[in-house]
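Below are two complexes that have chain A in common, paired first with chain B and then with chain C.
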Partner chain A sequence: MPITYEPIATTTVGSATAEVTFSGISGSYTDLVAVITGTRSTTGNSVLVRINSDTGSNYSTTIIDGDGTSAVSERGSNMSSGIGVAAWKGNGSDQMVVIVNIMNYANTTTYKTVLSRYGQAGTGTEALVGLWRSTAAITSLTFRSDNVSNLFSVGSVLTLYGIKAA
Partner chain B sequence: MPILGIIASSKFGDVGDFESIATTLLTATASSVTFSSIPATFDHLQIRYISQTNRATFGRDVVRLQINSFAVSNYASHFISGDGATASAGAETTANNVFILSGVAGTTTAGADFFGASIVDILDYKNTNKNKTIRTLGGVDVNGTVGGAGGEVVLQSGLLLSTNAITSLTLQPNTGTLFSVDSHFALYGIRSA
Partner chain C sequence: MANTYTAIATVTVDGSAPASIEFTSIPATYTDLCVLLSARGARAAVSTIAIINFNSSTSNLSHRRLLGNGSAASSDNNATVLAFNFNGSTGTSATFGNATIYVPNYASSNAKSVSIDAVTENNATSAQVQLLAGLWNDTSAITSLKITAVAGDLVTTSTLDQYSTATLYGIKNS
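After this line comes the complex of A and B, so read on.
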């Protein structure tokens, strides 16, 4: 019996780490969903996703966020650090929840679009859309920051799911 | 039945909490995409799609959703959005609302490979005692601006003023007239215990 929505891999951070990578992702799903829960080692660090280890300036992100007082929108273009999935409102001590949808990741005819929702009760909430300007199929995802050596604190959990269309 | 120019597939009857109901991959441009004869065997529905339209001038377009072929007066929508420079909020009433706001598309004007993406949740879709509520997360990023406008990330809510069970869903571009080849639409059913 086919399973439509299934876990692919889970990483529980045992010691603070700068990045977590899911590699060897098969092309057998339609979309990928990454769920991140945990804390960051210091305040103010965004979480990015780098795709297929691409270090070129091929990423961009558009964001709307609210902190309980106001809403703002920002964008980053020609980024080399990755797509933003949890951006500017980091607080090192509070739990964050990030849900990242990597849409139609295995097709080889379109650029790839990533939709994310991020929330941290003590700071705010965000919705983000990101673009990776490549038509290559996605086979690896690295969740990281570009400015800290230990982004994810001990106990943070990152799980990757696959969704398979008929 | 598959529509000419569309690779379509469907399967009913697999038991699971989150099931694929039907998928449409456009192999020719299309003015709309419809999922019909949706079974009442789930609790919620979710549409996940990437899409592109032929809208001129700008790099983004809106996608709208029609339910059961209901008339104009049955719909309302609210949204918050960001285009990379400005955060906005608004509403559409029945006066100017043809379909419910349900996501964002890329455009051929931005480039052949720029597609938007959206996830649409249709909650309690078969319940005949309440009006229906829909929510959408959508976005398109164009790596800057196209025609002076950026991409867009949106959170939308929609209301269908009907207690009828939902049996069909039609998506269509708002400003553009056609979805592009390689636009991909997948309908899922979510079942509770």
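After this line comes the complex of A and C, so read on.
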């Protein structure tokens, strides 16, 4: 039986940090999955993913989210900061779960789609879809925020998995 | 290379109509847990309710939910239980609801956050997709996980139909 779900790298945050990067991602998998757990250092900071260090206006994100009382949908286009993977400006002390799926990340023909699920029980939950308008293979992912110097608190864990179709 | 996704246990309901599926003696050797559930309940409703408890605890549970029913999106919350809907007995026959329950860092001393995606399917206008952010605000390592069918009061137990099934996976990040 082939092993189809492989851990590529894990970062456990030892001191509050603005961003975490997984670089040197090989093209040997079919899809990527990132799992982020932990807390944000301050309230009010979305988590974004910037791909291959691209700072161009090549990202868009569409979100549906619920805060426990109402549901709304939002969209950002031509973003340069990255794709939103946890766009709700959550409670800094509340444990969050973010699961990010990136399909067919290594192809050089199509733009790349990112699906994400975010939840913080004290704040809300979201489903997000994002697009990176580039045909380049993805070789690095940087999880970051636009406006904070210490996004991820101590003890937050970010893991990147690779999935093989065969 | 590590085998990242390991099946720990599978429970398939027989004809005895139990109220719950429970995984016990969960080892702390994984990073995350994931349960894949396919279930249908005997309660006379198109959709019925499952609650989740860890380590037999009934306290410090909560959730916020995003719900779509085919015509509108809404959001609700509960400050005392972690619950989601699955198929009840009056929906399309032989149709089961599905759920993915993801519990990261289950063996840590942090509060336990839970991500749940769940659906009820029905060959009619009433069906649901649900996204939940759940919390068990307890620092104990999770050693058991129980999924119980309940009535609308979220307390009175109901029963699970035959062929309802759940598999618990352990996920290692190294």
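What we mean here is this: the second predicted complex is superposed on the first by the 164 of 166 C-alpha atoms of A that agree within 3 Å, B and C clash if a C-alpha of one lies under 4 Å from a C-alpha of the other, contacts with A are read in each partner's own complex, and residues count from 1 in each chain.
The rule is simple: a residue touches a chain if its C-beta (ideal position, glycine included) is under 8 Å from a C-beta of that chain, and two chains touch if they have at least 3 such contacts.
A quick note: this is a predicted structure, and the numbers were derived from the prediction, not measured.
Annotation for the three-chain superposition on chain A: chain B and chain C clash.
By the touch criterion stated above, A:R117 is placed in contact with chain B and with chain C alike.
By the touch criterion defined above, A:V35 lies against chain C but remains apart from chain B after alignment on the C-alpha atoms of chain A. Applying the stated contact rule after C-alpha superposition, one finds that A:A127 touches each of chain B and chain C. Of the two partner chains, both chain B and chain C are touched by A:I64.
Once the two complexes are laid over each other on the shared chain, residue contacts for A:V157 go to chain C alone; chain B is not touched.
Touch criterion not met for A:S26: it reaches neither chain B nor chain C.
By the touch criterion defined above, A:T135 lies against chain B but remains apart from chain C after alignment on the C-alpha atoms of chain A. Of the two partner chains, chain C is the only one that A:P7 touches; chain B does not reach it. In the superposition on chain A, A:M96 makes contact with chain C only, not with chain B. Overlaid on A, the two complexes show chain B and chain C touching the same residues of chain A, namely 3-5, 64-66, 71, 73, 117, 127.
Residues of chain B that touch chain A in their complex: 9-11, 14-23, 48-50, 52, 80-87, 89, 104, 106, 113-119, 137-144, 150-155, 182, 184, 186, 188.
On the side of chain C, the complex with chain A involves touching residues 1-5, 31-32, 62-67, 73-77, 102, 104-105, 110-115, 117, 131-135, 171-174. Within the complex, the chain A residues that touch chain B are 1-5, 30-31, 60-66, 71-75, 77-78, 101, 103-104, 107, 109-111, 113-115, 117, 127-131, 133, 135, 163-166.
Per the touch definition, chain A reaches chain C in the complex via residues 3-7, 10, 35, 37, 64-71, 73, 94-97, 99, 117-127, 155, 157, 159, 161.
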